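The structure appears below as structure tokens.
Letters A, B, C, D and E mark the chains as written, and numbering starts fresh at 1 in each.
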Amino acid sequence: MLEDIPVLSLIVWLPLLGAVVTLLMPKQNARLLRWTAIVFSVVPLVLGLLLFASYEPILGGGAYAEHGTWLSVPLNAEAWSASQGVTSYRLVFNYLLGIDGISLPLVLLTGIVSTMSALATVHIHKRWKTFYPLFLLLQTGMYGVFLARDVVLFFIFFELTLLPMFFLIGIWGYFGKEKAANRFLLYNGLGSAVMLLGFLILIATLGFSATQTAGGVELVYSGSYDTMLANLADPNAAANAGGAMFLSGNLRWAAFILLLIAFGIKLPFFPFHTWMLKVHTEAPPSVVMIHSGILLKMGVYGLIRFVALLFPGQIDSWAPVLATLGVINILYGAILACAQKEFKLVLAYSSISHMGIVLLGIASLNETGFEGAIYQAVSHGLISALLFLIVGSLYERTGTTRLDELGGLARSLPFTSGILLTAGLASLGLPGLSGFIGEFLSFLGLFDTWKWLTAIGVLGVLFAAVYVLRGVLAMIHGPMQEKWIGLKEARFIEALPMVALTALIVLLGVYPSLLTDLMQHGFDGLLKELQTRVGG
Amino acid sequence: MVSMLASYLTLAAVLFCIGLYGVLTKRNAVVVLLSIELMLNAVNLNLIAFSRYGIAPSLKGQVFALFSMTVAAAEAAVGIAVLIALYRNRATVNVDEFDELRR
Amino acid sequence: MDRYFNSPVSWGHVGIFALEAIAALAVVIVFVTYAIYFERKVIGWMQFRIGPNRTGPLGLLQTVADVAKLLLKEDTIPARADKALFILAPALAFVPSFLVLAIIPYGLHLPFADLNVGFLYYIALSGVTTIAIVVAGWASNNKYALLGGMRSAAQMISYEVPLVMSIVGVTMMTGSLNLREVVLHQTGYFWHWNFIPQILGFAVFVVAAVSELNRTPFDLPEAESELVAGYHVEYSGFRFAFFMLSEYIYMYAIACLATILFLGGWNPPFPQLDFIPGLIWFALKFAVIVFFLFWIRATLPRLRVDQLMGMAWKVLLPLAILNIFLTALGIEWWG
Amino acid sequence: MEKYANQYVIVAVFLILGIVFPIVVLQLGRILRPSKPTPEKETTYESGNDPVGDSQIRFNVRYYLYALMFVVFDVETVFLYPWAVAYKQLGLFALAEMFLFVGLLLIGLIYAWRKKVLQWNSI
Amino acid sequence: MITTLTWSDSWYLAPEIVLAAFTIALAVLDLALPRRVGRDVIGWGALVGLVLAGVFVCWHIHDLNVWKDAGKDAFRNVLGGSWRVDNFGNLLKLAFLGATALIVLASLGTVRDREVPIKGEFYYLILPAVIGAMAMSSSGDMLTMYVGMELLSITTYVLVAVRKKSGQSAEAAFKYVVTGGTASAFVLYGMSFLYGVTGTTHLASIGQALPGALADYRAMIYVAFFLMIVGFALKLALAPFHAWAPDVYQGAPTPVTAFLAVVAKGAAMAMVYRIFLNTAQFATGDDSQVRDDLFLALGVLAAAAMIVGIAGALKQQNAKRLLALSGVANAGILLVPLSLDLTNLHSSLFSEFVYYLAAYVLMNIGALAVLTLVSRSSGHEQLSAFAGLYHRAPWTAAAMTALLCSLAGLPITAGFYGKLYILFATVQTGEYWLAAILLGTTVVSYYVYFSFIRQMYMRGGENEPSVRMTIPTGVVIWVCAAGSVALGIFPKPVLDWVDGLFSLTTDFLAR
């Protein structure tokens, strides 16, 4: 049944349709706008779940690819046609959507977190008619990123997330919102620029294909991911054969490093992380849910899809570097998180730390590690979404999220505090909750190759216990403050996502193969390639 | 004849440089306009020298010079007109004082 | 003459040309001397006076005496004048006026510099005199002089435009700017002379030329009644003489040009009369023009300054352009 | 071409003579004429009044406007001459072109006229 | 041999002749109309003239297509080759005419007596400027090009100074005259050397003669080209020769600023393309040293312009100066395709150029039209004039956002694709440093352009006066915004069209 409808396109474009629909609605009716947004967030989620249900890992998701030529730009062919009978010489941007074990979990994550975040938009108090279109546009961008199988398309969706985020942070954020928005824009803009350069190198070398048609030769440059993989594998392809379009070793390294930096900024790596702190503290909670829950995962996805899968040789030799970076991230994030007085910052630094674990997973270069990385990404997405949901709901009631001003909330807000505690425990990697599985798989993968680094990394996880418990406990226990007595417990519309997310976290914690099964075959090609390298 | 060409070209180059120097350093707006004319005249000299003693002498250079003279005249006319308008506003022709547009 | 032109340049040529130039200078000085005399006489007659009659027979030496007086007169330079420019101005006025004479062909075999640019050469050089006049007015540091100089500049540049344009018709008919060829083109009966087909151009030329000469009725720059003497109010002695000299040389040149461009140069009015040397015909026509110039000086009052400027731009210029159109059409129609 | 240079030799000779003549005559005059300068003689002549202020003032803008007009029209006539010289060889279309050209000039003139540039209101 | 204009030639010059005729007619009309009659009618007349000229250009394109289908060369040499009717010129002419039409239309809605006191002049002086621009893009001879360039320059000098009473306007005009004059002197000086080496001013003949001359007069050829490069850099306001641009753009009336930024710049760019492709591209084969040096110099200039332009715009508080500096950067981008090697792989430089030019036309004119509206309501041209535009005029703010996205090069807009093609070309030819600079400046430009967005959406503006929109200006703004987005979503038809019309061999190599 799913084969008959363009399900991937629907997932991508339905939120955009929703954006258009909200634009047509009356300005003052916040409730109508919100529910429309929720509906248009739920539908893609449902489609994603259907996909999940019918997904057969062994096929690698091939059944759900959607092909189409989107733009076919003519390049002036005279110079070539004169000599080689070329009839058509074009730069083609494909509309290629596809899904596999790597992207499906992230698509699901996007659906879940977006829906929850849409529910959490009750905290938004102004300019709804601008908010919801942007919010939905952002979703289109995110789905597109995870589903695009053409680098240009990927890039466009990637950029498409920038603009709405800029507005969402800049208009609805807190006091330093403009600065946060600027910083977000500049860092991510830089990241996407670097990425584009890397992609263009790929297109100019790997994206080239010549087909013999009836009329003559047709030369095409395209950003198709599959073409790239095919060209990489084919020793006779122009990219490997020398000449003008030769992907030389240096070029390979250049593209590798460019893409590493691009996705590293998004992830974020240690020196590029400052923008993220601002966003975490200044953006409104529902936006941070998306940002921390999904946008950071775009970095993970990109690292795996474009850095690891396309450059096995390079990543092979740089695995120690990546692992070191990962360990730095873990320790740096963890140590600084211990020192923060602002709960949002604790969470922000913990994100850095958790992303370090993802890096470790990737650096391990084995299936377990990769699975761990993605698992960790999904799980962190859910956990941080939940945490920020709670933060948002607390902030609405208390007007602060500073640790020293809060305390003893457990008495006035028992339900919220309970969820907060669960989320905190998940975040620090308590077995039985999803956080544990991701960390465990990543370390397990890495342990095969880098035992010492693993050990240091695990040390970081111990810190996690310190900062999470310090933060959470400071808020829910401790001396009860007078002014927090009369606080109202979470409303239904807030409680619903909290419960849902908690349930998912528990589910993933106890039933990990729900996701790992999906990923089974996602890395086959890469691993084979690595094996030949290591072996030969 | 080649030496003739060289001397004309040198003269033109000197004139051009004087003109350029004037444009860049002179404080009186009228002198600046004069300097531009000097540069254009250097070019005319060049063109005419080439058209007579050039590697491939042809009349085109003279025609070109004619056009360039006309254009230079028109340019000077507009330049002076603008300067008059400016003078009416500022009562000075010192280019250092044309600083209302700040960066 | 011709054979000099057809052989390469040598010092010998330079010598001969120098003699020629000196001859021209002598002729011009004699002309100026007696033109002034003649002018005073003519005006005198027209105003029922006698004119100069004391110095020499019939007063013939009057101008000579005047020149001698100027030569011996004390030369004062005002203390507040700009000395360098003050001294430069008269020479600057004279040099181009003299240079103009280099191109005037008096006869078929008596050309001086036979330049292809012909008339343009005259225009270019006479423009320099305008500068000299402005310089004189400026350097004197005298209010009358400055006004005179500025007026003179405005007037001369204004009238230069119709003057130049009035010749376009002649050029179109001739197909050359070369003065000798202009004359050769007018060979034949006197109705082949340009002044009949180019009557409009001729009229514009004459009016503009008179104005270019700063002569009455267009002598605003030196209008005695308002500006005392205009730009040369501070000049005395021989410096003053040089301004006068150049003014009269221009008169000479314009008369020659009018003869050449419109009155057929050295051509006789009827080809049958060509036994009389061309030089005589030239001189006759020249004399008529010169007389005409004196005549209008004696009879016409001076224009007001706005009338003067208006006339150049609003009357002469459109007429000159009209003349170009008519000439072009005429050539299309009648070949 | 070489022979044509003769014509300019004449011009050069006239130029030299034109420069030499005033110098010679003025030097000659210096020998002959008296020179007894007094401050009275060297005052600027303003009909017997003592001169007030400097006379080297800025020109009225009006003069610049005329200068502009002159530059425009005089230079345009430069283009008329080559056309006029070659007119008989050019044919009817050249006539149309020149009508256009001169027509443009005329419009310029009318423009100046309407904008009262030609109205002389200075002394 | 005397080559004169013939009646058949006048058909090829029809667009220019139409414009000239309209100029004259409108000038006369302006003189004849009594003072109290509004001058809008002249503006509409100018618009009609522009459209008519555009129709003739399209007609030419059609003719050329017919010839091409018939197997003939798709170009025509007119007046002994000094004028070329080819699709390079035709496409650019369309761009210039369209841009000018937009500007005229926008100013019909906004030009107030304060902005341009003598409106009639403004409308009919813009037409000869366009003729100049068209001559620059359509000439096959340096002489004609030069005359076109000066026609454009001199009319724009006047246009900049058209606010007679404003000291700013006059000051800007004077600066423009000085730099413009110096630039022409440089260009002309370079041309004179090129002429001296080859004995001709006809571009194609120069191209043929240069390889021979290269052996003996190498130094002179270098001098010629580098002088021209300096001149053009001045004209195009490429860094480090851009200092005049912000002053002039700020001082000029906004419609004139738009014209300078778009048409004047585009025309100079067209001239650079024509001259360099026709002549400097000569040294193929053994001795490509000169060519490599020249194109490297162009690349360096482009890079410098991008960097300096955006860096200067970073701290700019005056919206017009900011757009001027962004224009500097954009000129750099427009120059990039030319500076790249013309190889088997990269031969689509013209499509890249013309597409980005079209994008630039739309986004710049749109942004300046919005600026006119906004500055009129706020009374100044600082960035803060945009404060809270979202509240005051939400639709205009939305349009401006689209335009700014295009300027910044965000998907999916014309600016994005324009940059993408150019970037792809740089990568194709292996000029990674240029790609890096282009990308780096693009990132910085986000900050620059988003400062408008910050003002519009994130600053209060409830107390500011509301923005009064007029229909023509509104039309222009929306045409530009919609065009920017539409070109971004459907670049293919445009590029297919350009690619089908333009041909390197016909337009640049055929003599």
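As a convention for this text, contacts are C-beta pairs under 8 Å (C-beta built on N, C-alpha and C of every residue); 3 or more make two chains touch, one makes a residue touch a chain.
The structure presented is a predicted model; accordingly, all values stated were derived computationally and were not measured.
Here the chain-to-chain distance from chain B to chain D, counted in touching steps, is 1. Of all chains shown, the one whose average CA position lies nearest the global CA mean is E. The chain with its CA mean position farthest from that of chain B is A.
The most distant chain from chain D is A, comparing centres defined as mean Cα coordinates. By the count of C-beta pairs in contact, the leading chain pair is C-D.
One inter-chain figure worth recording: chain D and chain E are separated by 40 Å, centre to centre, where each centre is the mean of the chain's CA atoms.
For the pair chain C and chain D, the distance between mean C-alpha positions equals 14 Å.
Inter-chain centre distance (chain A to chain C, centres taken as mean C-alpha positions): 93 Å. Centroids of chain B and chain C (each the mean of its C-alpha atoms) stand 33 Å apart. Residue positions of chain A in touch with at least two other chains are not found.
Residue positions of chain B touching 2 or more other chains: 74, 81, 88.
The chain pairs satisfying the stated touch condition come to A-E, B-D, B-E, C-D, D-E. Residue ranges of chain E in contact with chain B, taken from their complex: 142-143, 146-147, 150, 153-154, 157-158, 161, 164-168, 170-175, 177-178, 180-182, 184-185, 188-189, 191-193, 195-201, 209, 213, 217, 246-247, 250-251, 312, 316, 321. Only residues 61, 64-65, 67-68, 71-72, 75-76, 78-79, 82 of chain D touch chain B when the two sit together in their complex. By the touch criterion stated above, chain B contacts chain E in their complex at residues 16, 19-20, 23, 29, 32-33, 36, 39-40, 42-43, 46-47, 49-50, 54-58, 60-61, 63-64, 67-68, 71, 74-75, 78-79, 81-83, 85-86, 88-90, 98, 100-101, 103.
By the touch criterion given at the top, residues 342-345, 347-351, 390, 405, 410-412, 416, 420-421, 423-424, 427-428, 432, 435-436, 439-440, 442-444, 446-447, 450, 453-454, 457-458, 491-492, 495-496, 499-500, 502-505 of chain E touch chain A in their complex.
The part of chain E that touches chain D in the complex is made up of residues 2, 4-7, 24, 27-28, 31.
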